[in-house]
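Each of the next two complexes has chain A plus one more chain, namely chain B in the first and chain C in the second.
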Partner chain A sequence: MVVLDIETEDGQREALRRMLTIRAFDTKAADLFSDGELPGFVHLYVGEEAVGVGACSALESDDYITSTHRGHGHCIAKGLDPDLMMAELFGKANGYCNGKGGSMHIADVDAGMLGANGIVGAGPPLATGAALTSHLKGEDTVALAFFGDGAVAQGQVHEAINLAATWSLPAVFLVENNQYGEATPVEKQHNVQNLSETAEAYNIPGFTVDGMDITAVYEAVKEARKRAADGEGPTFIEAETYRYHGHFEGDQQPYRTEEDVAIWKDRDAIESFKRRLVDAGAITEAEFDEMKAEIHQQIEDAVGKAKEAAYPDPSEAYEDMFNAAVPEISDFSSGMRADGGENR
Partner chain B sequence: MSTETSSGTGPDQTKEMTIREAIRLALREELERDDDVFVMGEDVGKFGGVYEVTGDLVEQFGETRVRDTPISEAGFMGAAVGAAATGTRPVVEIMFSDFIGVCSEQIINQMAKNRYMFGGKTEMPVTVRTTEGGGSGAASQHSGTIHTWFAHFPGVMAVAPATPASAKGLLKSAIRSDDPVIVFENKQIYEQKGEVPLDEDFTIPIGTASVEREGEDVTVVATQRMVGESLELAEELAGQTSVEVIDLRSLYPMDTDTLVESVGKTGRLVIADESPLSYGTHAEVATRVMENAFYSLDAPIQRVGVADVHIPFSPALEEEVLPSGSDVEAAINRIV
Partner chain C sequence: MTTTIGLVVNPAAGRDIRRLTGGASVSNNYAKRRTAGCVLAGLTLVDDVEVLVMPDSTGLADRIVDDAPDDLGVEFVDMTVTASGRDSRAAAAHFADHADAVVVLGGDGTTRDVAQTIGDVPVVSISTGTNNVVPTPVDGTVAGAAAGLVGSGAVPTAEATTRHGTIEVDVVRSEETTVIRGLATVGVLDRPFVGTRAILDPSDIVGGVVSRSSPAEIGLSGIAGGLVTHRPDDPGGVGFRLARAGENEATAPTTVRAITVPGTLSTVDVAEHRVLDDREDYAFEVDRGVISVDGEREHEVRDGTVRLRPVSDGPRLVDVESVLERAADEGRFRLG
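So, the complex of A and B:
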């Protein structure tokens, strides 16, 4: 696998590839959802690609991230396999969570991805915990929490930051300010101009960066990672970005106009990064088009494979609760079956 | 299912100690045994814990592994979940179980669900120790018995020791378990004494009850403080009514077989637990017996607990609502 390091040309192309993969994956997820092909609901990362990829390009491969309900982009940025992600979206047995988690709970702990999370604000305490492990074991790993502007109003986010700051843990808190907490604009949810002012309360560095500029995100996280790894504690970074889709697919978005969205699309993170790479000679227009077509095909293939994959056996619903065997689960599940009561 | 203990020397050697000391011994042994184990909570370090359970552990293991936290249950409970998912074995102290309300999100939506939601691809070796129970004039926000919530909630194991030996054995099993376990310690019995095995590998399997006293006429299934009260009562009633006393020990999973076997013998059941009665731990014990030993029952099952009120402050009121041995006696008298 190509190392994601945007200080090299190979790494820049890889970053562009991951941004395009996120966009293709989530655009396809939107289509699948509107066609009624996906169970449940999906929250898409389209528009925010520079944040996830910029941040993960500043991390080492064994660093940890925590994520949000809008987690597909973080997964791809961290290097997870779109085939297994798509299988999970379809609820198939070969998905990342064997079909038990779905879009909102994709995790791959071995790859450092501690889980997308359906609870707003629940991820930062987990990142503090992963940073605590690193501290206790004397490891070099760092934990980065992605969370949204909405989560900054959650008490447990502040508790997590306070704990990490007080204990000087190797953590990075990265808020993706996509301008809306669900359907309410950020200015109606917070009394500060910049969410990064939060950092002052915890006596840690805080920065607001342009989340549509992958380099700005990369540089801020790189610096934060260095501080964390050097034992200087956490950093709070606000990346200003925008989600092109609604909070969830099907959101009618009465809280904004097409013009609002167009302003941000004019600053599209993929388009501007591509332009910079073309200008610098790191990629040609033709190579870019080829890359885009390849990724499009990769996602189409992922959908094809996911559709063909098997659903989990219904008996799997009673597996994975505990590491230890618990008689209740097998007794109760068999006892409720038409044929199961006889043997009780 | 009961655990044999005997005084003497060698691997079966025991020592008399309090429940508080037994818990501290378990923590000390597990901290010594496994570098991945660490303790954190409010004032567990130099202060030694609000009920002096952690005591001097910080002197032996240092502030890194016996960590004082801010008063920030959601933060450090969540940190325990993240730490456990990444390779450590946290033992978290929540000073009073009533405070679990402020960190229940991390317990119910993260600790309890992650393993299942992730398709079994992460382990969650978190132990939570917390205190329960009335009797110290601490009023409603420091006296609750809430273990039913977590015995009910899928994905969490719940245990509740009643004796020094079970306090040691259950806690050691909890710490060694790769699953999340909440240990509910009744604060009124920390000073209760008993023989405790000194074997460093003495554990009590989670999911096992213990017949603490054999009897023929009625079974009392009790938890925590009510075990001791029921044993005293059984002694008083000896010669008149033969009472079998079972320490439930493990609320979830529950040792149905031991309950069923006992009721099969006695035909009568009293359940004594300090939870509020409605939808309580009693209800689960009763249902297991009804499902599996219905035709052995000779009388209606009796419940002894709290009559669906909070624990009040005034000693006159607190004494009224808390279950005691005399309530168990009254329950026995109704059916024997």
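So, the complex of A and C:
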């Protein structure tokens, strides 16, 4: 795999490829959902691609990330395989969670992806835990938590940042402020205007960057990672971005107008980065079109393979959930209730 | 006659990466809101004042209007909010036709945006940004009082303001020319992209042109200021180029100490500097780089010529202290 280092032209093209892959993957997921082909909800990352790819391009390959319910972009940015992600969306046995997690739980610990998460604000405590592990083991890995503007008001997020700050753990807290917590505009959720201001409460650096500019996110996370790796503790970054789709597919979006969305689409992260690379001679328009076509085909192939793949065997329904056997589950799966009676 | 004062409060100022990479202080929006409240209170020094406030998408302007004194007419400018520097320019364009004076809360970038379209309307610029050259850290009440005195004509504009210089930039690439305007400083940096916009590493600086220079200023104007002092209203400016590693210079460079970002005292080698006349060009050939405008990376350049020239047509900036002293001399603070 090409290294995602946007200081180099190869890395810039790879960053563009990953952003395009996220957009193609999630645009396809929207189509599949509306056609009733996917079980469960999907929350799409279209519009926010520069945050995930910019952040992951600043991390080392063995660093950890935690994700959100809107996690497809984080997975692709971290280098996960779209084939196995699509299989997971379809609930197939070859998916990342053997088909039992679906869109909101894709994880690949070996790749440093500690999991998408259906619980708002559940990622930062995992990142603090991963950072504590790195600290206690004397490793040089850093854990980055992606979380949303809505999560900033969650209690466990405060606990996670406070602990990481107090213990100077190697963590980076990256808020993807996409302007809405579900249907609530950010200014109606918080009493601060910039979410980065909350960093003051933890006595750590906090600042805001343009989340529609991959180079800004990259540079911000690179500096924050350096601080974390140097043992100086966590940094709080707010990336201002926008989701083009609703909170979930099917969201009627009465809380915003088409004009609101158009203002942000004018600043589209992929289009602006592509324009800059074309301008710099790092890619031609023809090469860009070719890259887009390749990715489109890659996603279509992923869907084809996912459709053909097998579902997990019902006999494995209770596997993959716990490390050690849980007697109640063993009893239940063998047809016996914990109280000795038979399951109906 | 009613005095109309424009108010621009930039919710984005003072929150960039220099909170991590440098010693920049935090300027949160609660502080901006309180400062804006002080400005409104200060404006009541003169009678019959109305205030037009730039709207924003963060709710900051809403709170400023909600908290305004009851005896002050405060309204929003009717404009589309884009959550970018375009908002300050659009508000200033409105104020150019409808305001008698303008108060700006922000940094150099905000003041520059306002300067682009404000014309001859006097500007009181209050620093809420990071390491500012143009705006000053003045109390909002004092600044508001000064704006009221100038806007109402109690202190004549000509005696209360100085005309700040600007820098015009042509970026020439093959047959295409892009024009940019800076207020205090424009620099050429050896960086591949705009990124977080802040100038993070002084060793990236290739050179630049400043419309003012002083060793008391932070950034490019501080580098030039180590060699020559140039007042904001002096015509022309100063152009300089730093010695780059691996490049042979015709003459030995001059080593200068300068405060390049808060908390950073840098030592730089200046290969050349020149005091420039009004509209005198100072050029750089750039293979790959970024142009910084008033302390922020703004424009990526590949294989181009960057021609900079100081132009003495900037905004009229209000000297707050002299306005209040002049008003006091005339007995405006005495009752009875």
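As a working rule, the second predicted complex is superposed on the first by the 327 of 344 C-alpha atoms of A that agree within 3 Å, B and C clash if a C-alpha of one lies under 4 Å from a C-alpha of the other, contacts with A are read in each partner's own complex, and residues count from 1 in each chain.
Assume a residue touches a chain if its C-beta (ideal position, glycine included) is under 8 Å from a C-beta of that chain, and two chains touch if they have at least 3 such contacts.
Predicted model, so just to flag it, every value in this text is computed and none were measured.
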Practice task
Could you check whether chain B and chain C clash or fit when both are placed on chain A?
Solution key: fit
Practice task
Mind working out whether A:220 is in touch with chain B, chain C, both or neither, as first, second, both or neither?
Solution key: second
Problem - First (chain B), second (chain C), both or neither touched by A:279 - result: second
Exercise for the section: Based on the superposed arrangement, let me know which partner A:197 touches: chain B (first), chain C (second), both, or neither? Expected result: second
Exercise for the section: Could you look at A:295 and tell me whether it touches chain B, chain C, both or neither (first, second, both, neither)? Expected result: neither
Exercise for the section: Check whether A:142 is in contact with chain B, with chain C, with both or with neither, and answer first, second, both or neither. Expected result: neither
Problem - Contacts of A:166 with chain B and chain C, given as first, second, both or neither - result: first
Practice task
Return first, second, both or neither, reflecting whether A:109 touches chain B, chain C, both chains, or no partner chain.
Solution key: first
Handout entry: chain A as apex of chain B and chain C, Cα-centre angle in degrees (nearest 10)
Key = 120
Problem - Larger contact residue set on chain A - chain B or chain C - result: B
Exercise for the section: Aligned on chain A, what is the least Cα gap between chain B and chain C? Give it in whole Å. Expected result: 24
Completion exercise
chain A positions within both the chain B interface and the chain C interface are none
Problem - Touching residues on chain A, where the partner in the complex is chain B - result: 64, 66, 95-101, 105, 107-110, 114-115, 117-119, 122, 124-137, 143, 155-156, 159-160, 162-163, 166, 319-324, 326-328, 344
Completion exercise
Residue set of chain B touching chain A in the complex reads 36, 38, 64-65, 69-70, 72, 74-88, 90, 105-106, 109-110, 114-123, 154-155, 157, 177-179, 206-207, 252-254, 256, 291-292
Handout entry: Of chain A, residues touching chain C in the complex
Key = 7, 187, 192-194, 196-197, 199-200, 205-210, 213, 215-216, 218-220, 223-224, 227, 235, 240, 263, 276, 279-281
Problem - In the complex, chain C residues that touch chain A - result: 11-12, 15-21, 26, 28-30, 57-60, 82-83, 192-197, 200, 288, 300, 302
